[in-house]
């Protein structure tokens, strides 16, 4: 029973991590940037969704609004900021560092702005379905309609993204633009637009993650900080370049953490995160779903 | 001898380092504002011995390093006369030494922590804390459980730091150690973690769960209990730090869930407008702190500010740091305060309040006495001393909330 | 209806790489730009394909200015540049590399057929179709880069040292292919080469660059036989 | 063949990449003072053979004999100790370092300075010695004058020479050159010809190259690879007449 | 450039001079400036460690805070639990953190780019929280690290803060001098080589794995010292003294410095200390609502950070470096 219960909580934790992880992987795939601002973007989009929910009384309008807002914010960041950054930062070890620092700076700015507009206190969003668990006999499972909704959202996002990437050429354009903007441009790919699209897509995923996550907890400017770390670790576990990997990484981490909490100790959350990550990477240094590397000469 | 910094014929400068941003800022961010509001109110009514009080606030985000530098800034740069209302164990314990408060004999008034370590006068010679210690809280809880809940065994879900550890020490001192203890790192309790915890507890015969942590964790656990349909099956008790009804409701806990939640407190209920102190503070809040809703944190801030004003008055016209400290030592126990439990300042005791009463929240979020109609107050110490029922009657509110003591 | 370059000057910071270069390539002609290392050949091509902004001068293709345009727009207009040094995306497979120029094309069928023609020219690529381009041998990468240009069905092809690192037999074959593309597809080609002899053999016209300046423009045949040019710049 | 004086001998080397047999049962011998050319069509496996010898790919099967002693396939960083040095097909200079520093990297096995003496600044003598050998290696490729230029500011032909200097500074017995003339113009090829001749006086060389004039000029013997197998080997003149080689690689014009 | 090979001596003289200047300054400024100066010295060291690791060996670490925590705990435990001399405690911080870095380095040397960053990030959140699990590590109140008062021969008026500054500055000066020597030696060159082209470096006889581990261990050792200094400055060690934001702060300092060389570390560190002050001053002078005052400092700091990345991505240190080169030509 405990095993099953833990599995279920792992599933629900994992699905939230997966959503964040997807958002991070999308930006990574399109620009080779780990977007730490995603925590801020997602929160800001969620506030927009919150305002819509307050005004329309409809969770679903809010969800759509959050995704649209997320896409817009992502696109704006790329358009006005990341493009300029990449123009200025081209080579050397700074290429590793500058985007990280830049997105951290963005995170700070977005959090300050949300804090200024909405204040620091908690807001809550009433989810469209009950958060209560499914009941079997006299037992209530630690997994209910909202958790199911989130799992479904992950699955649907993954499917939609898969379709976008398989059916259209956007996936390949994204990857090509990220790996070599110059060759992509010479092949006629509108690299700037494609990258902005990647950011927008990621922003939408972040908005979705935000509003679903907040339905189960509370909304404040720092609401997604911890989730960002777990999302990043999930993405790294999964291999950063693959959406399936992002989702798998999220579930691996979610399961690992919940089993550690259930069978060892609550205090094991952060140590488990580190241990599972280093275990995976010792076996596969570039994540579970990485493709084989190029030659070395 | 040169005069102490921060006092002139017409002003007194006080300082506070506390979080107003970050995750702790969300919980305690209103504190400095509330204190400022009360001081403004006093200033508008003539100040203290003709001096106007200014309060310099510095945000430490609840980080030890920042607390150390910000407190040092308060002393060296802002040249404050005394500190008042600093917040947090991890933060203030570092700030105290780093800012050399002891060497400079800077009064460190009404620190908002229940960590009993601050009562150590050799280590913190200028510090007075305000909250009863967490150990006291645990001991009083143990007593309550024995008297009202048939002494049933209980599980403890507590923050993995001084807060939780002090609590365990208290329960152990009361000879009722928790049957099951789970410590958790701050910021890690998600709804799934809470569910895992509650599922595990519900598999044991334990029916009583004590939550020794901040209100957001209490909320997460209660919501998990709702989801798992355990609200009726388990009884929850929250410590004074984690039982703020407003916050619980704002975080989406159902009114029906908090209805009946047992919570410890040493203050009147912040919603109780019939309480003289509360209604006076509310009035000040409306006027001098516009747009900020009145809650436990605001109450706490105003109360500390009011104690500060009394301390300053008690120190007399010739205000010195040493004088302020000895004034609290000698007269602190007689200050008017909103607390329903006695103040315990003396030359040997540095902990302000030293007891608790137990209430039950109702669906509106009001804390009503758990038994009878008036709060039953227990007092104790942080060590092995007994828990005794107190018939303490607090002093009446000074006229208009403006102290006139000397 | 030609490529007209007039008084083009390009700087790399303080280094003048291309200096007042002018030449004309009529539609359907194959011009080769030759010259020693560092003569400015690559820089010239990069300016024509929009990868760098020139300092001054003009360049038009079919009477439209092509300078300072985004490279992707020029590519879509049929101006295709195969950069030097195995210009492939190492992290993508051979197939993905080849499909880059088709991503934005509507006509999927013709994209498919041009893919087939690439495999006909370079059967080795067909064998490596799912391999990451990064694992290809140096020569295979060069084939892939040229293959990508063929798939794009350009109107103006700018080739930078296509023979680099290729085996003699393949070099022959590539030059033949370029010639064939030019004649069959009515392609205009600007071919930058170190291998001046082979290039001049297939070219209609030769442009000799030295230290960023045009030092000789003439029909390829004449250049091949001009002993002065030979001795001074071609070294054969 | 006098295998007793072999500097290097590779026997039945196979390298597989997944299902692909990049090298299959390949052999190669190198005698002191010799320049051996390794030629073959693109993708034949020439670079892979170098990679196997340098520990950059996993060898599926095969035997390595160095100075008549059987030897494990080395790790890349063990090569200088074994007296082997190599240039890369793609030049591979360190862009952020100066020319001199690039070459000093190649000589780093000569430096005995430990971490602690380096931290205390006691590495002057060692560094001076390193600098001296690096300078003399640069002189050998006629690049002494540009020692302080950053590597990423060099013209292409010069980078090729610096790369060679970096390889020969460790005074290798065996020098592996992967397309040293690739991308060079006619005058520079001429020049490279001479340089390789000079180098041959000190090291045995294995040369991979597509410029036939260079190959024919400097090589004593040739091995021809096709589809990962040796299809011909022997004296230059014999091999260039071999019909299989002509068909697979050279074409009729040579 | 010719001076390269007697630069070690020059560097030594420069550091001694700098030390003298600092000594003179510390006498002339107040307690607060001395305290801030001590922080600047501590941050300088931490930034130098990150520059070694990231700018030179090419390993981007988001977990410097964890390495600092190891040093901080080692120092505090040595001084408080073993009651050894504070100097020994500082040396212990270096040794233990170095050993820790060595072990972690072995585990992560194979990782590259974001995989390494992710792992170090996870380390940064995991390691400090572990301290709460072991009672002997003092939980949140932490373990005191008290270096004691300045020797009496310095006089009565010698403040605690000046003493902090002296210790911090001396430790940082010596350490940064050692690091600067290393970076100017073959090690610095070899690290750059494996960073820029691992294969070519390996073929030249450099063992990339070993070099990376060495870089990690050295960076960790001196980060440990920086951590011990931090803990000295705030009087005690506890998990929350090493939040993720500390690691990010160091990273920011490195970017402001320019990750390529040490030249601007003091400037980078100064920025970390001064910018919040400036933001504070701006907020105080603006006044405004509670919300504004609580969010504006964060906003200003982030804005400055972003402007710094956008307009001097290689840091002012790099600009100076660059200009010198150009004028020499």
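First chain written, first letter: the chains are A, B, C, D and E, and each begins at residue 1.
We take it that contacts are C-beta pairs under 8 Å (C-beta built on N, C-alpha and C of every residue); 3 or more make two chains touch, one makes a residue touch a chain.
All values reported here derive from a predicted model rather than from experimental measurement.
Visitor: From subunit C, what is the lowest number of touch steps before subunit E is reached?
Guide: Minimal hop count between subunit C and subunit E: 2.
Visitor: Could you tell me which chains make contact with subunit B and subunit D both?
Guide: Shared contacts of subunit B and subunit D: A, E.
Visitor: Please identify the chain with the largest separation between its CA centroid and the CA centroid of subunit A.
Guide: Result for the farthest chain: D.
Visitor: For this structure, I'd like the pair of chains sharing the most C-beta contacts.
Guide: Looking across every pairing, the one with the most contacts is A-E.
Visitor: What is the distance, in whole Å, between the centres of subunit A and subunit C, each centre taken as the mean of its C-alpha atoms?
Guide: That gives a centre separation of 42 Å.
Visitor: Distance-wise, how many Å sit between the C-alpha centres of subunit A and subunit B, to the nearest whole number?
Guide: The separation of the two C-alpha centroids amounts to 38 Å.
Visitor: Counting in whole Å, what is the centre-to-centre distance of subunit B and subunit C, each centre being its mean C-alpha position?
Guide: Roughly 76 Å separates the two chain centres.
Visitor: For subunit C versus subunit D, what separation do you get between their C-alpha means, in angstrom?
Guide: Each chain's C-alpha centroid was found; their separation is 30 Å.
Visitor: Could you list the positions in subunit C whose residues touch two or more of the other chains?
Guide: 135 - these are the residues of subunit C that touch more than one other chain.
Visitor: In subunit B, which residues are in touch with two or more of the other chains?
Guide: Residue numbers touching two or more other chains: 20-21, 25, 29, 160, 183, 185, 188.
Visitor: I need the residues of subunit D touching at least two other chains; which ones are they?
Guide: Residues 47, 54, 56, 88-90, 95-96 of subunit D each touch two or more of the other chains.
Visitor: Using the touch rule from the top of the page, what pairs of chains touch, sorted by label?
Guide: Once each pair is checked, the touching ones are A-B, A-C, A-D, A-E, B-E, C-D, D-E.
Visitor: Okay, in this complex, where on subunit A does subunit D touch?
Guide: Contacts found on subunit A: 91-92, 295-297.
Visitor: Under the definition above, what is the set of subunit C residues touching subunit A in their complex?
Guide: On the subunit C side, the touching residues are 49-51, 70-72, 75-76, 80-83, 87-92, 96, 99-104, 132, 134-135, 148, 152.
Visitor: Quick check: in the complex, which residue numbers of subunit B touch subunit E?
Guide: Contacts found on subunit B: 20-21, 25, 29, 33, 58-59, 62-65, 67-69, 72-73, 76-77, 89-91, 93-98, 100, 103, 115, 117, 160-163, 165, 183, 185, 188, 292.
Visitor: Using the touch definition from the top, list the residues of subunit A that touch subunit E in their complex.
Guide: Interface residues on subunit A, with respect to subunit E: 28, 34, 81, 84-85, 88-89, 92-94, 96-98, 100-102, 104-109, 111-113, 115-116, 119-120, 229, 232-233, 235-236, 240, 267, 270-271, 273-275, 277-278, 281-282, 285-287, 296-297.
Visitor: Could you please specify the touching residues of subunit D with respect to subunit A in the complex?
Guide: Where subunit D meets subunit A, its residues are 47, 50-51, 54, 56-57, 88-90, 95-96, 178.
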